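Letters A, B, C and D mark the chains as written, and numbering starts fresh at 1 in each.
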Amino acid sequence: MHKYAIGVVGASGYSGIELCRVLAAHPGVDVRFVASDRWEGVTVRAKTGIGGSVGGLSYVPHAQAVGAAHGCAAVLLATPAEASLELAPQLLERGVKVIDLSGAFRLADGSAYPRHYGFEHRHPALLAHAVYGLPEIEDRKAIAAARLVANPGCYPTAAALALVPLLRAGLLADEAIVVDAASGVSGAGRQASEAYSFCEVADDVRPYKVLRHQHTPEIAQSLARGAGKPVRVTFTPHLLPIKRGILSTASARLAPGARAAALAETLRAAYRDEPLVEVLDAPEQVAIARVAGTARASVAVAVAEAGFDPGRVVVVSAIDNLLKGAASQAVQNLNLVLGLPERMALEPAPGVSP
Amino acid sequence: MHKYAIGVVGASGYSGIELCRVLAAHPGVDVRFVASDRWEGVTVRAKTGIGGSVGGLSYVPHAQAVGAAHGCAAVLLATPAEASLELAPQLLERGVKVIDLSGAFRLADGSAYPRHYGFEHRHPALLAHAVYGLPEIEDRKAIAAARLVANPGCYPTAAALALVPLLRAGLLADEAIVVDAASGVSGAGRQASEAYSFCEVADDVRPYKVLRHQHTPEIAQSLARGAGKPVRVTFTPHLLPIKRGILSTASARLAPGARAAALAETLRAAYRDEPLVEVLDAPEQVAIARVAGTARASVAVAVAEAGFDPGRVVVVSAIDNLLKGAASQAVQNLNLVLGLPERMALEPAPGVSP
Amino acid sequence: MHKYAIGVVGASGYSGIELCRVLAAHPGVDVRFVASDRWEGVTVRAKTGIGGSVGGLSYVPHAQAVGAAHGCAAVLLATPAEASLELAPQLLERGVKVIDLSGAFRLADGSAYPRHYGFEHRHPALLAHAVYGLPEIEDRKAIAAARLVANPGCYPTAAALALVPLLRAGLLADEAIVVDAASGVSGAGRQASEAYSFCEVADDVRPYKVLRHQHTPEIAQSLARGAGKPVRVTFTPHLLPIKRGILSTASARLAPGARAAALAETLRAAYRDEPLVEVLDAPEQVAIARVAGTARASVAVAVAEAGFDPGRVVVVSAIDNLLKGAASQAVQNLNLVLGLPERMALEPAPGVSP
Amino acid sequence: MHKYAIGVVGASGYSGIELCRVLAAHPGVDVRFVASDRWEGVTVRAKTGIGGSVGGLSYVPHAQAVGAAHGCAAVLLATPAEASLELAPQLLERGVKVIDLSGAFRLADGSAYPRHYGFEHRHPALLAHAVYGLPEIEDRKAIAAARLVANPGCYPTAAALALVPLLRAGLLADEAIVVDAASGVSGAGRQASEAYSFCEVADDVRPYKVLRHQHTPEIAQSLARGAGKPVRVTFTPHLLPIKRGILSTASARLAPGARAAALAETLRAAYRDEPLVEVLDAPEQVAIARVAGTARASVAVAVAEAGFDPGRVVVVSAIDNLLKGAASQAVQNLNLVLGLPERMALEPAPGVSP
């Protein structure tokens, strides 16, 4: 089988390691290089235990990434947004396609970057070309044709999978939506800080970046695309004392005149042919443990037909923040871009249990 | 110092053990008996390591509780609602005051019990006499004069402390409120079930009893009292992989014309003289670890003045579900009923860290 | 590629689920049936999220397992010892090879069963035929030729991998060996008991079955085979508040006259051609997190050349109790028995991180 | 009641916070100052939630500690060994007694410091005056008379409580002892390092400082004092994914001719009048959760009368590393030095549960 040459930059972060793990078992690609300043010169196997030919690679410094990408069909960037902003144009110029896991190319409106990401976007033209890579929601043909794919954020993936089909079907009222979500600590990346030390995180749960998380504009953008108009939305993230996984609880209101049963029917129809999104019968079945270690998302909806807030819709979704929220979704996009089967190397879901 | 004779029923549950722990260091009471069918005949010290005279007591069976209460000024019931419904009238008849930690006497509207608790309320007259014991919110004189105190539920305590002062001040719009909250596993009580086994709970987070948790009517009742009119509210609880603590994130809307700054000002004013409720500057400071093992609650508010949902109010609160959400609040109520200083045995906050 | 028909009994236990997960991605086998009384009639996918053809199977009751095995080349038993004792002979009679994950056939000396397993062994003749399936230590040809493979216990696997090569090389003195080991909670299997509830296990560590764990005779048997004579050994297991993984710390003494450096050299030589056992430079590198979710073991040795106990040898090893300590080792044995490459479906190590 | 003026240096470390918490409820002392460079200028209440007069103190920098100690009867040093070495002589010169929680004054043999602590001991004369403060084992009169108390290390406390009474009674053979112990992460102190980040510690267990932990000479010193002669001992510490608590499993051999029953009898006799050391019937009852959050230790012994290593003695002990292993033991010593009841502020055991 032909193997496409690819590379991974930012390969020592938690998402980068997951990329290496998935790609080590991928029959359609040949990982030519992995870049990491932190672990330069050491082998992947020594640091992570990953085997195969990927395990035998030694990390090269980021400064060598563009050179190492010569001859590659695509490169995956698991780098901070600023690094992606610098690397992506250089790779694209050399004809190398880019799957970027950072937020650098996710927002269509470049003017949102200073407020939400803290920098002026220096490549607004690229924003117009970047395709937002959430295959189950967006247009797969556009992703497949893209030279630059903006891989979605973890929270936005969980929120969009839960809400976009319902908005598209016109089932949600024009009332503000609340997304309360919680993530395992790996969502913060590798940390050498007291705030993320074991003793400060274990046995605790707390909100963070309230009303100012950088994923809020990305969520609002997805919901607006789904609704065909702006959607009022508040997103509150929380830090969980677990390593991986996101649970999102979204509250909305049933559109006047809509049937309650239409909510679940619409989700089932939307994901009927999507093996990586599973629609469950009840929100109580949605759980981080069900999806941790897998490329899958779970989603379920309930609606209050009576009680203290009739018409309330609660949609719960769960993903592994490092996989469907980062690495495995990036491989879905990579497969699409390379013309490979979309779920190659992602099924049957690996997973861990208990 | 005079010591009031008291007793504890349901003393082997997690809340019951916390009651014993707090009362073991209480200079104003003399614990005469502790009742538990599970641990009948064994000493408190042997099962829990609690010292002092409480440690030396042997658990008596529940069937002996009413008899053992002879001569007691008050008895604390850390029993399931059905058991409390049976014990409370017998104790009250004998002139023994009752602090009930179950939900048996919390809802003023007895007709709500079949749906939310699964039983017909056999003592509706007692509902009229029971005083809801949330001292920082309700009328302390009424609690002090009560013969039967309904100790609030854990989630309702967290929600009411966050929202009632704002509702009273008219600062929240007439829009539905969303309360997304999460609890440590001890909230489910002692469990010999696979669903609460370590392997099924660890590394996981999931919602439960969505749109049908029995604390919903209690929350709605508190909010309605605060607002002076019915309040639409949806409450979604989640199970956390930690032993103790509740974090509640409530979303509401600023009343038209209200000043954003009035929210924090109102919370600070409401709790200025309440040492057991701490108002923090920002929601990000509210954390389960800050209150776990203590009798305190933390609360903070933020409001969106611009962005994707202007006017959104987010109020975050945290308590220890077994203390401010159960045992230490019961001791506050006990102290009030006995005429003792309200925070006796509860300050300085014991707490644990890290 | 030809696919061998196989089946799994006890498929809803934690080891059984791991078997299904590994086998779902195994290109050389066709899983014909999965048996579980607990989940009878439900699909594997519904309960576990496992995809592929294994995911589509519905659990059949154990009573149908022998019938369902008709035409199978082999069956894996992830059942309690008593159930294995009953099933194995029936399967063997019908020409179906058996890989048994229980302790039913591990001890060569049948008279040890009443004391350590609590039952008289009813099939002593089978004990003579059973082959102990620790491929990196035992004779692979004997495993490949076996009709009944006794898959090793989790603790004995960790202990034998650490100590047997050193005993074989005569590097350990004739002094008693201490094996202190600790396991994640999944080692106890699915539990609906208060003792294994989250609140009783989290934040705790404790020893259990001190001086009387049923794995002790199995460890002693492996060490004696390695040494060529009886070895005095004490094994103390501990329960860890994590879901999976075993860490074993073995203390022994350097044989008089032996070189300290020979210890590490011997381990490296023993596992030079064993991709599933990795010899690390120092015990501090051995960690449960390095092997959890993988089919691999890690091992490292240190020796005191001076200090308070010169000559002390400390050998640390780690495995995933559900994989190298159960399911993946069973698949190694299955592959050997079926004549397939030993590590088929086990490389590159799947793993999870962080 | 007269209150002794005291101070705490290193008050923002985990042990220092526990000191503040215990002292906040101590009726016999008046905490005059708390010193911490990290939190200079902030109040104790703001950082820790501790109430009372201690909560109202603002942290002063370490450079002001000696001056602030003017007029104090005693100062507790919860500082690194190097800092204690510098502060203790200055305080002693000014007539202030010192309880030092570091290892700076624990080893009678000053020549051991370079190897085990990495520095030349600049005050060997003070080593001769320092009294090792393990009240249940050492001479309480000597502690009470001391001007400088070396508060024991956490692991050495757990090991000495388990073994010293047995050595004193001559019940252990002249064979090397193995101490395998494990600690919660708070034992490493506050950490802003990747190695102690949540994602690197959670779900993992690993050994550290194998054959070279600085507590080894302290353990050897205690055991030698107990035995009246040098004792060969190997100590292997492990890092646990919990915040607090130590479990120690010590393996020794029954002295020839000694009765097995004498082991438990001796422990019970040794601790009959020691409310802070509880002797349990079986090692399986010893658990970190039983002592976490309390000033108590648990200990139990078992002996193999037959089996694979007859005569093997296993002694298990558990403490809270921050309390009996640090802060509460320091308060025991403080009370002794000040002539107060030894367990003032330490009973009934505070504790947390679940």
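Everything that follows uses one rule, which is that contacts are C-beta pairs under 8 Å (C-beta built on N, C-alpha and C of every residue); 3 or more make two chains touch, one makes a residue touch a chain.
Only a predicted model underlies this, so the values are computations on that prediction, with no experimental measurement involved.
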**Asked** If you list every residue number at the subunit C and subunit D contact, are more than half found on both copies (same) or fewer than half (different)?
**Response** same
**Request:** Note the rotational component of the Cα superposition from subunit A to subunit B, reported as an angle of 0 to 180 degrees in steps of 5.
**Result:** 180
**Asked** Based on the averaged CA atom positions, which chain is farthest from subunit D?
**Response** A
**Request:** Would you mind pulling out the distance in Å between where the CA atoms of subunit C average out and where those of subunit D do?
**Result:** 38
**Message:** Report the inter-centroid distance (CA atoms only) between subunit A and subunit D in whole Å.
**Reply:** 47
**Request:** Between subunit A and subunit C, tell me the centre distance in angstrom, where each centre is the average of that chain's C-alpha atoms.
**Result:** 36
**Asked** So which stretches of subunit B touch two or more other chains?
**Response** 14, 186, 199-200, 202-203, 241-243, 292, 354
**Complete:** Listed in rising order, subunit D residues that touch subunit B in their complex are 14, 17-18, 21, 24-25, 48-52, 54-55, 186, 203, 243-244, 275, 278, 290-291, 293-294, 296, 347-354
**Item:** subunit A-facing residues of subunit D, complex
**Value:** 14, 185-186, 190-194, 196-203, 241-243
**Request:** Give every residue of subunit C touching subunit D within the complex, in rising order.
**Result:** 175-176, 178, 180, 182, 199-200, 202-211, 216-217, 220, 231-234, 236, 238, 240-243, 245, 247, 249, 251, 253, 282-284, 286-289, 292, 302-304, 307-309, 312, 314, 316, 318, 354
